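Each of the next two complexes has chain A plus one more chain, namely chain B in the first and chain C in the second.
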Partner chain A sequence: MKESLSGVRSVPIRGMDLRALESTSQSMALGLSGEEMLRLSDYFKGLGRDPTDVELQAMAQAWSEHCCYKSSKFYLKKYFSGLEKHDAILAMEDDAGVVSFDDEYAYVLKMESHNHPSAIEPYGGAATGVGGIIRDVLCMGAQPIALLDSIYFGDVGTRQWNDPSLHPRFVLDNVVAGIRDYGNRVGLPNVAGSVDFDTSFNHSPLVNAGCIGIVRKDRIVRSFVNRIGDIFVLAGGRTGRDGIHGVNFASATLEERSGQNRSVVQLGNPIIKEPLIHAVLEANDLGMIDGMKDLGGGGLSSSVGEMCLAGGVSAEIDLEKVLLKEPNMEAWEIWISESQERMLMAIDPSRLPELEEIFNRWGIEFSVIGKIVEGTNLILRYMGEKVLDLDLEFLTSGPVYCRNYDIPQRKDIDYVLPSESFDMGDLIKRFLSQPENCARFNITRQYDHTVRGDTIIRPMSGFPNHETHSDAAVIKPLEHSMKGLALTAGSRYNMVAVDPMGGTFGTMVEAYLNIMVTGSRPTSVVDCLNLGNPEDPAIMGQLVQISSAISEFCSRLGLPVVAGNVSLYNQYQGINIKPVPNIMMVGVIDDVSNSISSDFKAVGNSIFIIGKESTSLGGSHLLKFLGKTSSSVPWFDMDELKIISESYLKAVPSGIIVSAHDVSSGGLIQALLEMSFGGGIGFDTDITLVSGARTLEKLFSEGGERIIVEVPQSREKEFLEHFRGIAVTKLGKTTEGSVHVDDFGMTVIDGTVEEFKEPWVHGLDGLV
Partner chain B sequence: MPVIRVDVEYLPGVEDPEAITILKNLKILGYDTITETRTAKSYEFRIEGKLEEARSTVDEIASKILTNPVIQKYSLQVVDP
Partner chain C sequence: MEGTNNEYEAFQSFTRVGLDPEFIHLNDLRFKRIDLSEYSAIFLPGGFSAGDYIRAGVIFARRLADTSLQDLKRFQDEGKPIIGVCNGFQVLTETGMLPGWGDGISREIVLAPNDSSRYECRYTFITMEARNPLLSHGMSLKIPYLIPVAHAEGKIRIINPDKNLKKLEDNNQILFRYSTPEGSEGGYPWNPNGSISSIAAISNGDGNVIGLMPHPERLFYHYTNADRSRYGEVAVGQRFFTSIREYIVMKGF
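Entry: the complex of A and B
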């Protein structure tokens, strides 16, 4: 190996055999397979020279699973490229999705996983997950306005833990602390999301962070550059040795990530991020940013490469212009470092003085690191030497694998329910006290929901000491307009584990209903797919089924998929996680003062259930609680969903519906109880007409497109008239605080709101 | 009764946002001579029994509970044998 002034080495891969290539990949921590190394060696044979270490490291970043989606790209393209854009302005094109909000404004949204870092350093991993997703929204020129998170943990209550990986409870506490500290300090409300527990996440927790922002349509910044002569400005945090090889790391399973893990996780610094947001937005308001991208996985290497390739231009970069945290960093380290809080902007050189004034005022460091040029080759210089000179197309596009997939035959399993001689009230209380089914307040109360003053429906509804879960959060992003945005995120992964396709339909239906019950019309979808090892055809089978279900749902309901993320290799010692298609959905409501929350509003009102019956317990929380498995999930009827949603949204402005909640985890009974926990108003219901099934099935089935609504008694006739032609069943009426359920003339449940609320509220006590 | 102190600090190379913020604000306040700040957390344990046993107990607590070796390291100091 030759050394030079810049410290850059030439790596003689042209003369290496497969074994030597593999060991080079390993010793340089490239994370590339032998075959990929062979491709590189052939390429450099064609060029007639060996690569520099900078070039090899850059290739490894660009070709990692994280950056080029080599395992999933083929199928994602197949299922998502044909979808219509509807209200979307940018769908699957840039760093985040952009969707029309009103004539003048657009909203920007994205959700991304940060699973692998969170598994080894939960606090920093979760915090930088939040930080990264804020930058994705910011780089479209948008003001970030709210956060949401879906997080999945293992058996947090277990006392048997002899594994070297972190205890699930430690992971839970620290992930929540990381999200809390970053979000609260940067001043963004955390308004929605989900928390789930399952032993399959014992060693592979999932952290999916989402962000939404708002931007004037004429100020949207694209993630590419095409103006020759523009300069690249790198602003925000300095570049250090932290976070090197994070993306290669994400392409490995946990037990492979032993040894030098330190450098891949950082803590994140929200105190720099806040002024950085101000500075970037101020510069964008003056129209000086021609293209922008945040620095995430792959660092400068991936951001510069992708920005230029998408714009059909190239760049010349001077690495010594990059501001460093520590001296003596090697060229390749500077180029691929994933240090946090950095933004890369392309501006016209004539506007540099203005930019300087703004960034100095906000106390944000920056430097000009290079310029945009014509040509096909990206050129890097360090200490006066050329250290990288590569064809951008070859460097950035990466390999695509059409991996084999297999959809295993499911065995038919008939679950046998216990005979109903037990005390139903007692069963429900035990069910509600489980971490999986109880209130999330211990977690959500650590987050600020109302900073910025835009939050109309918070994650909890009701009044102090009498609060319940909301379906979707509603925020009002613009001061001068009553128009609002509704946000939700989550997954019905228990159903997906049984049937990836049916379960994904279930997930989409729930997200849709969550948005709709608030009175908002869903207008966009972001999917965040979390799966096991893609080299296993059964895992690829899950990816294919999940993607096709999302695609079918969206084309039937007229929704665009505007952004997405795939996290693979969520595997530990050969055990894959249950597949989790985490769906973020956003809707628009014309007037937030019409928005509907989930808590019962008054005593004596009528309670109805809208939507046809569902009796299947497949993939339900009850079966999981009872320790039973099933081989099928309920059927979801997308045509019915469409009809219900049209009628429902028309009814909203008239005020005939005063509260509403969808039937999802925990079924009808959990939905009714949750409505009564907010405000303490009870219910007296008869479920005989809900379906002809057994009481347990009626109470706990999570299927169908069903919502429970509260209607003032005086407007019952008007309500029934409005929903004519749709399956609507009257359940009963709201009460002072008692809970009563009859079925076939027998009392099934008789108690008070308080006695059911107690176990539900305290389910996470002692854990977080 | 032995008293043992555990100091937990970040490994070199891990960015310490709290220290950076303190340094930045000290500069604003005019403390120009300070060039670097680092933060650490200190724990003190008073333990029954002999010093050697106490030391090994604290060592176990520090490595299992107080630190994540991915980003932190710790050191023990006997305050009072």
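Entry: the complex of A and C
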């Protein structure tokens, strides 16, 4: 290898055989396969020279699974490119989705996984996951207004742990702390999301972080540049050695990641981020930013390349101009570092003094690192030498694999339920005390969810200190408007594991109902797909089925998929995670004063269930609790969902529905109990007419598009009239604090709200 | 300064009662870009100034004291309102303006980590315990008001409590206590942090310097119909800021 003044080396790959290429890929931590190295070698043979180490590292970034989606792109394109945009302004085009909110404003949303870093450094991995998603929203020019996150952990209660990977409980505590410390410090309310537990996440925890922001439509900033002569400004944190090779790391399974090198995980600093947000938004308000991208996976290499390629221009970058945390960084390290809190923006050079004034006032460091030029080749200089000169198209677009997929035949398994000689109340209490099924307050109260003063429906609803879970959060983004945004995120991964397609439909239905029950109309979807090793055709089969289900649901319900993310290689020692399509859905409510929460409001009101019967326990939390498996999941009827939602949303402004909750995990009984936990108001119900199935199935089936609603007795007639033509069953009425359920003339449950609430509230005590 | 947040909702709250607030960055004071004497009230919002990695509010307090302690003292002596919420409260105790018993930095009162040793974001109730010139136009004694809290270090600890707690009471400096919905003193979680004597807010002797851990600026309106029927038409934030405005107008600041 030759060495030069800049410390940049030329790597003689042209003369290497496959084995040498593979070992070079390994020794330089490129993460490229032998075939991919061969392609590079051929390319440079064509150019008549060897690549520099900077060039090879840049190629490795761009061609990583994380950056170019080489395994999933083919199928994502197949299933999502044909979807209509509806209210979306930008769908799958830029760093985040942009959807119309009202005539003047749009909301910006994105959710992304940060799984691999969180597996080895849970605190930093989760914190930087939050930081990264905030920057994705910020780089569209939007004011971030709320956060949400879905997190998945292994068996947090286990005492037997002989594995070198981190104990799930340690991961849980540190992920929660990372999300808390970053989000709270940056001053954004964390308002929604989900927490799940399953042994398949024992070594591969999932951290999916989401953010939503608001922007005036004429101030949306695109993620590309096309103005020749503009300069690139890099602002915020300095560039250091943290987070080098993060994307390559995230594109391999855990045991392939040699040495578990923590330097691949970036360090977050919310105290730089907070003024950075102010400074960027102030500059954008003055219209000086022509294009912007945050620096995440792949660092400058990805951001510069993608911004230029998308705009049809090229750039000349001077690496010496990049402000560094530490001296003596090599050129390639500067180029691919994933240091946090950095934003890259393109501005007209004439506006630099204004930008300088703003950034100085906020105490934010920045430097001009290069300019936008015509041409096809990206050029990088360091110490006066040209260290990278590559065709952008070749560098950035990356290979596309149409990987084989296989949809295995499911074995028919029929579960046998225990005969009902047990105490139902006791079973429910034990069920509710499980980490999977209990209250999440020990976690959600650690997140600031009221900062900014815009949170209308919080993650918890009801009377203070007697609260229950909300279905979706509602926030009011604009001072001058009563319009609100409803947010939810989660997955019915137990169902997806049984039937990827059916379970994904179930996931979509639940998200839709979560938004709808608050009185909001869903208007956009972000999908975060978390899967195992894509080199296994069965895993690709999951990707195909999940994608096609999301696509079908969205086209049937008229929803755009505006952003997404695929996280692969969530596998450890051959064990893949259960597939998790984590869905973020956002809706709009015209007047937040009409928003409906999940807690029962008054004694003596009538309780109804809307939606036709479902008796299947397939993929339910009850079967998991009983240690039984099933081979099918309930059927979800998208036509019925559409009819119910039209009718429900029309009823909302009239006030005939005072509380509502969807039937999902834990079925009918958990839904009723959660409604009662919010204010201590109980229920007296008869479930005979819910379906013709067994009591356990009536109580615990999670199927259908069903919601439970509370209606003032005086308005019962009006209510039934309104929902005529839709399956509506009266269950009973609300009580002072007693819980009573009859079925076929027999009492199945008789107790108090408090006695059921106790195990539910304390389920996570001692764990977090 | 960096790490301060809650400024958005504080700004909105002042605007909603018809005042004309401005954001002032610590750097504006440091470089003398503004003159504090031209303002009618100062509000120090919450957050995590400088990350709060050392002790909540300490760096903010030092920097504020370095640049403007004399100006602040003058502001205080003129009777103008100085309000610190959450991290802003911590700043006021760190500068010694609360409880305001000595010159220099007094250490009679500190804000310690919550008893639960974790961040607590929840709603609770507070009742006003002392007549205060700033709040007498919108809030009443002994009425429980619903209010959000969100902090990890909000437990009021009093050094030499036998003497100093009594002194606070005698001087009418205990402004709000955490309470149950019925207005009586309750344990955790009504008192979310374990504060001595359930204290949620104190003032200086004259009553124009106020430090609160709860956030009236985060609950200006009860937006939903359900909340209005449960908690009444007017929320704590509207009462609090309306009263401040009345005081400013009355005094001609």
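A few points about this structure:
Note that the second predicted complex is superposed on the first by the 766 of 768 C-alpha atoms of A that agree within 3 Å, B and C clash if a C-alpha of one lies under 4 Å from a C-alpha of the other, contacts with A are read in each partner's own complex, and residues count from 1 in each chain.
The definition used in the following text is that contacts are C-beta pairs under 8 Å (C-beta built on N, C-alpha and C of every residue); 3 or more make two chains touch, one makes a residue touch a chain.
Here the structure is a predicted model, which means the values were calculated and not measured.
When both complexes are superposed on chain A, chain B and chain C fit side by side without a clash. After overlaying the two complexes on the shared chain, residue contacts for A:V451 are found with chain C alone; chain B is out of touch. In the superposition on chain A, A:K325 makes contact with chain B only, not with chain C.
Touch criterion met: A:E121 reaches chain B, while chain C stays clear of it. On the chain A superposition, the C-alpha centres give an angle at chain A of 60° between chain B and chain C, rounded to a multiple of 10. Contacts of A:I336 after superposition: neither chain B nor chain C is touched. Looking at the superposed arrangement, the partner reaching more residues of chain A, out of chain B and chain C, is C. Of the two partner chains placed by superposition, only chain B is touched by A:R241; chain C is not. Judged by the touch definition given at the top, the superposed model places A:I271 against both chain B and chain C. Our summary of the superposed model lists a minimum C-alpha distance of 5 Å between chain B and chain C. Chain A uses residues 270-272, 363 to touch chain B in one structure and chain C in the other.
Considering their complex, residues 2-6, 8-9, 12-13, 15, 25, 27, 46-48, 50-52, 118-125, 146, 148, 150, 181, 189-190, 215, 217-220, 223-226, 228, 230, 237 of chain C touch chain A.
Those residues of chain B that touch chain A in the shared complex are 11, 13-17, 20-21, 24, 68, 70-71. Listed in rising order, the residues of chain A touching chain C in the complex are 180, 184-187, 270-272, 274-275, 361-363, 444-454, 456-457, 463-465, 476, 479, 592-597, 601, 655, 658-659. By the touch criterion stated above, chain A contacts chain B in their complex at residues 120-121, 123-124, 166, 240-242, 261-263, 265-272, 325-326, 339-340, 363.
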